[in-house]
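I'd like to ask some things about the structure below.
Labels run A, B, C and D following the written order; every chain starts at residue 1.
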Amino acid sequence: MLVVMEHEATPELVAKVCEEIKKLGLTAHPMPGAQRTAIGVTGNKSRVDSDRIATLTGVQEIIHVTRPYKLVSREFYPENTVVNVGGVLVGGNEFTVMAGPCSVESEDQCFAIAEYVVKAGAKIFRGGAFKPRTSPYSFQGLGEKGLEILAKVRDKFGLKIITEAVDTETIEIVAQYTDIVQIGARNMQNFSLLRKAGRLKTPIMLKRGQAATLDEFLMAAEYIMSEGNHNVILCERGVRTFADHSRNTLDLSAVPFIKRNSHLPIITDPSHGTGRREIVIPMARASIAAGADGLIVEVHHQPEKALSDGAQSLTPIMLEQLMNEMRRLAPVVDRTCS
Amino acid sequence: MLVVMEHEATPELVAKVCEEIKKLGLTAHPMPGAQRTAIGVTGNKSRVDSDRIATLTGVQEIIHVTRPYKLVSREFYPENTVVNVGGVLVGGNEFTVMAGPCSVESEDQCFAIAEYVVKAGAKIFRGGAFKPRTSPYSFQGLGEKGLEILAKVRDKFGLKIITEAVDTETIEIVAQYTDIVQIGARNMQNFSLLRKAGRLKTPIMLKRGQAATLDEFLMAAEYIMSEGNHNVILCERGVRTFADHSRNTLDLSAVPFIKRNSHLPIITDPSHGTGRREIVIPMARASIAAGADGLIVEVHHQPEKALSDGAQSLTPIMLEQLMNEMRRLAPVVDRTCS
Amino acid sequence: MLVVMEHEATPELVAKVCEEIKKLGLTAHPMPGAQRTAIGVTGNKSRVDSDRIATLTGVQEIIHVTRPYKLVSREFYPENTVVNVGGVLVGGNEFTVMAGPCSVESEDQCFAIAEYVVKAGAKIFRGGAFKPRTSPYSFQGLGEKGLEILAKVRDKFGLKIITEAVDTETIEIVAQYTDIVQIGARNMQNFSLLRKAGRLKTPIMLKRGQAATLDEFLMAAEYIMSEGNHNVILCERGVRTFADHSRNTLDLSAVPFIKRNSHLPIITDPSHGTGRREIVIPMARASIAAGADGLIVEVHHQPEKALSDGAQSLTPIMLEQLMNEMRRLAPVVDRTCS
Amino acid sequence: MLVVMEHEATPELVAKVCEEIKKLGLTAHPMPGAQRTAIGVTGNKSRVDSDRIATLTGVQEIIHVTRPYKLVSREFYPENTVVNVGGVLVGGNEFTVMAGPCSVESEDQCFAIAEYVVKAGAKIFRGGAFKPRTSPYSFQGLGEKGLEILAKVRDKFGLKIITEAVDTETIEIVAQYTDIVQIGARNMQNFSLLRKAGRLKTPIMLKRGQAATLDEFLMAAEYIMSEGNHNVILCERGVRTFADHSRNTLDLSAVPFIKRNSHLPIITDPSHGTGRREIVIPMARASIAAGADGLIVEVHHQPEKALSDGAQSLTPIMLEQLMNEMRRLAPVVDRTCS
């Protein structure tokens, strides 16, 4: 940690700050400069809660050097974490595709789409039973009935299932039905939900919040891991910017950054990340090329009848094309995609 | 709603889209243009769930005209809503200041600060008992013990209390102790929490999410109101931008925009909105001048010992100065501040 | 400056970085920490060009402590700079309002508007003769003919004139006609234009770029000052964010931040900053309350016939209302507005 | 164009707006809705300058349907434009890599780097002779002497040259020495410079501004084309967001969007787009996979001695690795990279 003093801070003020640092059991290294004095702080085992020092008279700014995360960091665990989803491995050599409708609408709909998903070769079926919607008047999902349909998809098609849990009341029942519990972008800092996810054994897929820095994203994963669940998959799904040609801005540089700084697998969601069906495939290609461990995409056999997010859903033919392109790209980036 | 067709869409495709619109019970008004055809849609009583149409072949874009919100809108209820917080009115002529520490740390701390708050003339005491923190290793608040301390502050000092509820498990107990339940920025789209807040009778203060548009912000309030609780206070607390001189960018233009489009009271949080103590007072002045109904600010009698957010807490002397400035400004903007 | 080493950097790498720092004539203070070593750097008189060090093996990050700006900084010059615009002082006790049409369209139009501007009590007339427009097919301004009209406005109405210079070819002729040369947001980092502005004697008003940090904004002013022209007025005119209820997000916290860190006057542009006529007045009130030294606003006597930006132009009646509100607010924030 | 009327607009106001629309030679289609009336406008050959209508009483909002650009649009010219850079084709089947130092520092430096560039197989050499720098005290480039060095690189190594022109004064001399004139991000809306670039015959590479929408980006290219120079290459180089793990956020979705909407070639700049050497290669892979026509990257043989942007420069070995990866990827995305 570095404590930057104000230009006009007297030597007495500097001394007082050094004293306070010592009181916290740390060592202070004052460095007088031409414009102002900075004080290096060492001796901390983890990130110092700097609020006390930040408010001392004469302190202009605190600069943190130590990264705040532990369990999620590659420094802590240098190997890649491979999450085992009932036999389907995420984060290993194989590139994993999760596909399915935005919302579970009916058994017929899910079966029809699952058939295409199997045919295209994806291994994990996505579908929302509990839907977080901006408007209270929009379709909110089928709830537990949707979970039952997803379980039937698993039985009938041999696909693994991922579906979202939106609150602490229902996360346990969601976990009973599904192979991966998704925590959505809006809930990335719903810490009660994260903690409860951390006490499950089911793998968790955590989506990046729309305005979350990567430090915050990794700290949210840290919440889950700190409760004991180490099976966490990260998902970049686009952030909010001024850009208006896509619904969100898919921040692909997050992929290599996270691969360097964390051992957790990271996939991308080009459907939500762009909001435009016609850009999904190019961004899927970009994702595997950037080093992502997989994709989650929306597909609908009749997108014009979808109850939500139809405009960003791939058609079955597009899903097949996407899978074929992933299979062509995988070996070139030293992965497999079966 | 306006359906914009692609440049190369054939008359047949346009006709098909018109048919689908009719199937939804609406009227289609095709308008052939030089570059492309647009189709006006009328007959809807509320915002159309446009996903079905968005995915029809030949459709380029859907443009909504009808605003998605109802109960929160000024069109629905033209008068200002005045929320009665145990006798303290928010949203009326009086400008309301809520002040107190970021976190409830101890009875001594709260009593010491409450004394300053009373002295300065603020009517509502803020303090976090349940704290949402980016890191699982940071101080998370005193929990119910903190709520008990806040109740003592109310009894002893006659201040009304506002404190945050962070999850559905604890919101009811929070509501028992407090006069206003705060829903924080990170939970603005925690819809289960919003619904539960909507089933309380206690007034709710809802903070704008860090990347929320004003439509989304108002829709979050709509969730609360649609469950029956009409006592909602909105709070602008800064959004995330590239700007790096302040922790967030306090978007003051939200205040007049919301005053025009909604009947709900709106206050600002210049402490979180800037993250810098030395900018809080000017931004408080700007808030009342822009038309805000009040402020929520952090104050600490010993900011250098605060367990969280010390750097943005006002000192007691600064709080007094702030209140004096509000009192000077209030009559000039046709308000009172007693 | 602080050099943060990578977690796995060896003592040899640390030593090598320290050596390089010494070669630059600076002093290195290595501080071994639990997770990694940081190296404090002192001895620099100004901000170190750190690129050489940033690229040494083992270096993870460089953190600058010294602010990059000099002439614009309050540390350099502690008094407020007051810019004398032909007798109208900007940056002193008086709050200055500049008003006029977006574009100079004709003598008749300017005279009609100038009459309202004089009547409302503003002292400086704005109007674009050279207009930077997103589309090459939009109206680009009357050019020198527009400057002549502005000169007539000065003669006839006794108003000072501000108008924009868009390139190095025309800035000198613009300077001959006007009392303040405006550098627009799009040109904030047009360094050739800034340097040329710095060699003029005419006061310059520099607008903040749409994505400029305040450091970059102040450095752009530093370009002008470093060429000898110290008569610089800064203008906050909104930045680009995800928010969609206003054209830009007027970042009012820039005002108190700049007042603390620079001696230059700063005004705001609520017309461009919001893009919505109905929000201009509240944001004007917020600006004076936040500590701004003045305003620049668009006004048009027939906004429905304006050739550009009509939707954000005040009507003459609104301008009068705005001036009256400024006069009421000024004494409360210890200013005058005559 | 769609004119949305306010909720409370009377039929008389609607009629008046329709009349004004007719006066502009257009056809008005009023569509009364449940909440408000919208008026469709047809008959326009290009985008209507809507300011006059936007300001009529009762008008709430104007929504444009017609895209503002013409010459740059794929609707106008359906084939891919292939820019011929002295025999090196950009925008065709071949994936083009431009590489070289940020700044031209000396003949020795350029020759050393050029040798690596040739060896790696890139065809175009980049290097800044005129450098736009945030600080007036930073190294500003060698100017014309730098151009002479670049010309020698061309003669000696057979590489084509790209270098930036920063102002209208020097763009002609830059054009004399170089094969592609670069217009930098800061100058994307320096319209005088764009127009002058449009009157050259030399190919122009236009970088996207840090806060530019794609509409604005394409309109800037329209400025160049409207003056007669159709040899325009677009370059996505990252936009400004709240994300702090990279210098900018490389918005790769711009690539497929622009490929669909424009016939111009688009390349990416992962060096500036990320600011971090270790992320450049993954983002280069992502770029070719997303459909980009090429790359521009920084490389330095001694990055620790670079006079600018050393931290984002590749080493010669990394450049070779990058080129090898492009060669492996190219055939998989139906391109060549020789």
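The rule is simple: contacts are C-beta pairs under 8 Å (C-beta built on N, C-alpha and C of every residue); 3 or more make two chains touch, one makes a residue touch a chain.
Because the structure is a prediction, the values reported are computed rather than measured.
*Asks:* Tell me which of C-D and B-D has more C-beta pairs in contact.
*Replies:* C-D
*Asks:* Name the pair in A-C, A-D or A-B that forms the same interface as B-C; by residue number, over half of the contact pairs must coincide.
*Replies:* Looking at which residue pairs coincide with B-C, the repeat is A-D.
*Asks:* Between subunit A and subunit D, what's the gap in Å when you average each chain's C-alpha atoms?
*Replies:* 30
*Asks:* So, what's the distance in Å between the C-alpha centres of subunit D and subunit B?
*Replies:* Result: the chain centres lie 38 Å from each other.
*Asks:* Just curious, how far off is subunit D from subunit C if you go by their C-alpha centres, in Å?
*Replies:* 26
*Asks:* Residue numbers in subunit A touching 2 or more other chains?
*Replies:* In subunit A, the residues touching two or more other chains are 46, 211, 215, 239-242.
*Asks:* In their complex, what parts of subunit C are in touch with subunit A?
*Replies:* Against subunit A, subunit C makes touches at 2, 4, 7, 29, 31-36, 38, 40, 42-46, 63, 65-67, 75, 240-242.
*Asks:* List the residues on subunit D that touch subunit C in their complex, please.
*Replies:* Counting only subunit D, the residues touching subunit C are 20, 46-47, 49, 51-56, 62, 68, 132-139, 166-169, 186-187, 189-193, 195, 209-211, 215-216, 219, 222-223, 226, 239-240, 277, 303-311, 313.
*Asks:* Taking the touch rule as given, give the residues of subunit A at its contact with subunit D in the complex, in rising order.
*Replies:* Counting only subunit A, the residues touching subunit D are 211, 213-215, 239, 241-246, 249-257, 260, 273-274, 276, 278-279, 282-283, 285-291, 328-329, 332-333.
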